[in-house]
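What follows is chain A paired twice: with chain B in the first complex and chain C in the second.
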Partner chain A sequence: MTETSRRTVLAGAGALPIAAGLALPRGARAQGAPMKIGLLSDMSGPYRDLNGPNSIAAARVAIQEMAPRINAELLVADHQNRPDVGVNITRQWFDRDGVDMVLNLAASSVALAVSDLARERNKVAIATSTATSDLTGRACNANTIHWVYDTYMLAKSTGGAMVRAGGDTWFFITADYAFGHALERDTANFVRNAGGRVVGAVRTPFPGTTDFSSFLLQAQASRAKVIGLANAGTDTTNCIKQAAEFGLARRGIKLASMLMFISDVHALGLETAQGLVCSASYYWDLNDRTRAIARRIRAGVNNDTPVTMAHAGDYSATLHYLKAAAEMGAAAAKADGRAVVARMKAMPTSDDAFGEGTIRADGRKMHPAYLFEVKSPAESRGQHDYYKLLQTSAADDAFRPLAEGGCAMVRS
Partner chain B sequence: MASETTAGAIASPRDEIGFWGFSKPQLAALAVLIAFIAVAPYFLYPVFLMKLLCFALFACAFNLLIGYVGLLSFGHAAYFGMGGYIAGHTAKVWGLTPELAVLAGAAFACVQGWIFGWIAIRRQGIYFAMITLALAQMVYFFCLQAPFTGGEDGIQAIPRGSLFGVISLEPDMTMYWFVAAVFLAGFLFIHRIIHSPYGQVLKAIRENEPRATSLGYRTDDYKLVAFILSATISGVAGGVKSLVFGIATLTDVFWAMSGEAVLMTLVGGIGTVFGPVVGAAVIVTMQNYLAEMGAWVTVIQGVIFVIIVLAFRRGIVGEIANLLRVKL
Partner chain C sequence: MDEIFGIPAPLLFGQLLLGLINGAFYAMLSLGLAVIFGLLNIINFTHGAQFMMGAFVAWMLLNWLGLGYWWALLLAPLIVGLSGVIIERTMISRLYKLDHLYGLLLTFGIGLIIEGVFRNYFGSSGLPYRPPAELQGGWDLGFMFMPVYRFWVVVFSLVVCLATWLMIEKTRLGAYLRAATENAALVQAFGVNVPRLITLTYGFGVALAALAGVLAAPIYSVNPQMGTNLIIIVFAVVVIGGMGSILGSVLTGFGLGVVEGLTRVFWPEASATVIFVIMAIVLVTRPAGLFGRA
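Let's look at the complex of A and B:
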């Protein structure tokens, strides 16, 4: 990559007022070769809003916060949702540009490939915007950490907690491919385990279905209290828009989306999205700390996109990574990605976005999961005031138990 | 072989066919190409160059059909992608050595091209393009659902393995020479096809199919063989690409990939031997080095496409050849 085309952020160069009395750990002074963090994500495609510019701002906030203790540089690239482009960039980052950690990753196909590459080159990969729970299951390795959420957590929180909140009969509208099938199967299990009932399901052709009206009418006719949307992206938003046109919410039917970001709600508008139920591990208006970090991230961008859980994850992951690197010393951290990940797992996490947490042996970052309902326009009292909290699942309850994932590192 | 006097082509003394079917200017261009391949990895990133060579071979295979038979296939991603999936699967699950995995991918693409070609060549022009697109979309949906492809996650962590079970391809430079050898073999093979008597018949069909029929050629047979050859070489390119990156995913069977083959060939120059290579280099370089510019990648690609179509109708190499009054 040429010098001119690289969007490099030198953090910490300007801000180095080290507090005089602050006792720094040995070898952790902010000097020497900087840690290089590569933010690899979708900057132009369908996942731009939930990653994109806010992710860059979030990583910068963390780098600035750690500037007194360690120098770090941020590189940014758009993988255009193409695994080959993502792999090529990551290889180049590792081999030529001396990047130590790759962040965000987004699309599952890219994340799995980059994770494998990080293992091969002994670097660090942190997925903050990736859905597949395989990253900490079959495909787990000692160089990868999965932050924020995964399909298991979404299915469990939305399926299980929703039944406890009263939605005990379900009908699924499922995108007809592996991801949709897995989401439906997992969610249905949690619904049944929580004492609910699945009254039916319909498979919609993928990709390319734009008219969901017949599927929605079928779902309505089943008299289920909850319609589960086991799909993603435009399929989900189309379903929600058309359900709003049919007035399903007025009839007391709840839509439960398995994969939904606050940026999607923002794009749909409350008029359309009201009453929708979805899960997330971060919402900006949970408490003072989450509000503070959202403010800091939004201060670095010039747009109206709300801070999603992926953005919060980019901040939190970068912060924790730099803390571990600072404790080890930059030289040691640059030399051995596996050791940094081991150190990150040994240290408890603490930040404004997710509060206190831990990283499990299989690379799963543990924190609570929340079930939200989208407010009606009348209930919303300000910018981005979209969610009301229905249920909270504790960290140990929210994610897949360690033994069930099939991660080889756990057995050994 | 008589000098070609096709419409728009320039026949000059410099175009005399010499060594291996190469005219003197073509030999010079080939020397430049080989020199570039030999020197480039010491200056540019090898993995990027490998990707470039894979796409160049893919575009050359596509050009064999559009440039020399006049058939616009809009479904070449099907052979490229399946070549990648089959090579990836056989290398990872069956444990085949890389050369055998690539051959397996090529063999599959060959059979696929045989069946699809047999159906598609019965129609011409837009109908041909639509049939190939429809068949390619069927392959896409098959790959989306079939268990062995891994759905939207693709086949991950494909090992590069050891060439003939002896030479490890894990180091990037070793892999690069392997890819370069495959590319050059494919490129020379295509060049040989074009300049063989068989290739002359193909060009005759391109110019005037009824006349070729009246001369006693069974044009459908010729077109089918060209189609199969093109599909097979696409499969080789796809197979090698999956080994280079260690992944085979839906991107490679998606219709946008077919569109990219068209774009590369148009940018480089339809019906020129070296055009697709240059076109692939331009497009792949843009995708890689503009990756930091986000949404602008596709916009810039579109603008370049429009400029080429409006101002350089013959493509980059086509215009250069026209300027120098030679065939490249």
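Let's look at the complex of A and C:
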């Protein structure tokens, strides 16, 4: 039962910021002081399913894989999406517990604060579940790497690729606050650049909107082919649920969700989510390698939550970090976080989750981005068989060009 | 005449209808609050959590016991109502002699605890719940597509509201209830078991919240925080209608649903605020509410 595993994890991770050390399995051959990795994420709140227990399992898989070459330990804590809590835990980890790298970070506000602290203490911060592209732009630093996705990639892949796939008129349903506005603006730019047209937009009060049917009706009246959902979490699921109820898909209107994880599709059920379009940089059923890593991660958990791109990122980032540390030697890697990040950027990445890739000077991990459509229940052939691939963007095409981000490290 | 104030008429009619549907939820939830406040003098801040529990019990009945929507409509209010009875007997009943504020704090706390427990066990992304096969699909009304399920929600909640009103205004039990609201000591002196009446009233109010939760499960995301957003609006509805006024809360519920629906067309950004603006105006001009007695 998922309930049991949730309880176990909560007991371990704690609703309060308690760090729980997870020891390395016996039989590890590497010698010397272990590298300490702190998994800092949302373990109990709204982003728990796309991080949470599966993230722990994913990091453990990487640690085990590298065990013959380097010793590593995993610590876990819940930041409750509060920057103050996240910073306090990280400070304690760096100053008292000897943690060398903080992983995952999730919420943008927490990630920006923790990344700054990593620079100050010369440690390493790797964001695998964070949206803001500022992390490799204005706020970039030599101790931080941004894995998996960012707002630019989502807006470009979903906005641009969808126009090329025929969805050339758009109507936005936008959460009325900074995040929603930014996502709408970025996506609209890509829609126009690709030759599409934005025929309308509606700003919905946030928080406090539960019924979106009025807005969906306005979107339908605009005769747009695509409704772009520039919102997140419950707003998105409510929109999708109510769009299904009002039969929008049957009228040929596509829903494009700007920020959506496979765990959200899992929660909605295919009956409701079918036809929805979204972007991701990892899906478990892309090829033999992605299937293999999903199997290994899921072997470490006792739940029904699909492996999200954030989980894949936790594995991939931990693996590459440990490879760099192993080459430098644990002592040197523990002494200088900036040097580890420089080494990580110098080495090409290679793993089952994202294939071959690189890390750019501004800290952006480069890999392809994929545009997916959610399958109908009839098309789905098994557990978590939710997506069909619409389009692939090559790494250089998927992310913001190096010169446009405004990262100080690039100019110098 | 196919445009009204620059808005195509079909769109406007659609919005009116949708407003009425949302009003149905407001009406049912505020009805429960009004019934509880009328007799217990407690502002039940647990109401949102109990609405959420209704939806979750519907999900549990389906996934754990294989009992579908129609059973949930019957059983979920009973189960959640019973939990309300237990809360009233063990906790709320100790506060009747104290200021309103204590009841408010207690019920608010209980609500937070319930939400926390559900988030712990069910996560936060939500659970899938489909409308029953008989109520799927919809009719094309020409000016809009009307899902069968939404129509059912309006009709069902109208019936429930009417039945509640009739029970309170026209039956002997209702007469006791109204009398106990006026003067509990006197009614007790006539041999009516007032504490039991109070317990059952709270249970009934909670059951109404759970019933609204079951109705909401197929159209809103079923997650632990689903009651939080809705309940703030419902409190405003109760204040506008007049604290403790049964008919007032029902009429205000439907009326404000329509007002909100229209605001969504003319000024979407203000649609969450409009109800509170009305509340402020009503409080200034008629502090007892539109239907309340001063």
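Points to keep in mind about this one:
Here is the rule we use: the second predicted complex is superposed on the first by the 383 of 412 C-alpha atoms of A that agree within 3 Å, B and C clash if a C-alpha of one lies under 4 Å from a C-alpha of the other, contacts with A are read in each partner's own complex, and residues count from 1 in each chain.
Just so we're on the same page, a contact is a pair of C-beta atoms (placed from the backbone, for glycine too) under 8 Å apart; a residue touches a chain by one contact, two chains touch by 3 or more.
Small disclaimer: the values here were computed from a predicted structure and weren't measured.
Overlay on chain A: chain B and chain C fit together in the combined arrangement. Contact with chain B, but none with chain C, is seen for A:77 once the two complexes are overlaid on the shared chain. Contacts of A:93 after superposition on the shared chain: neither chain B nor chain C is touched.
Legend: residue contacts after superposition of the two complexes on their common chain; A:282 is shown touching neither chain B nor chain C. Contacts of A:44 after superposition: both chain B and chain C are touched.
When the two complexes are overlaid on their common chain A, residue A:387 makes contact with neither chain B nor chain C. Contacts of A:217 after superposition on the shared chain: chain C is touched, whereas chain B is not. By the touch criterion stated above, A:152 is placed in contact with neither chain B nor chain C. Between chain B and chain C, the smallest C-alpha to C-alpha distance in the superposed model amounts to 5 Å. Applying the stated touch rule to the two superposed structures, the overlap between the chain B and chain C interfaces on chain A comprises residues 2, 6-7, 44, 48, 176. On the chain A side of its complex with chain B, the touching residues are 1-2, 5-7, 43-44, 48, 52, 76-85, 87-89, 91-92, 95-96, 108-109, 112-113, 116-117, 132, 134, 139, 176-179, 206. Those residues of chain B that touch chain A in the shared complex are 45, 47-48, 51, 144-145, 150-154, 156-157, 172, 241, 245-247, 249-252, 287-298. Touching chain C in their complex are the following residues of chain A: 2-3, 6-7, 10, 15, 44-50, 176, 202-205, 207-211, 213-215, 217-218, 221, 234, 237-238, 241-242, 245-247, 263-264, 266-269, 271-272. The touching residues of chain C, when paired with chain A in their complex, are 8, 10-11, 14-15, 18-19, 21-22, 119-128, 130-131, 138, 144-145, 147, 149-150, 218-221, 223, 225-226, 229-230, 232-233, 261, 264-265, 268-273.
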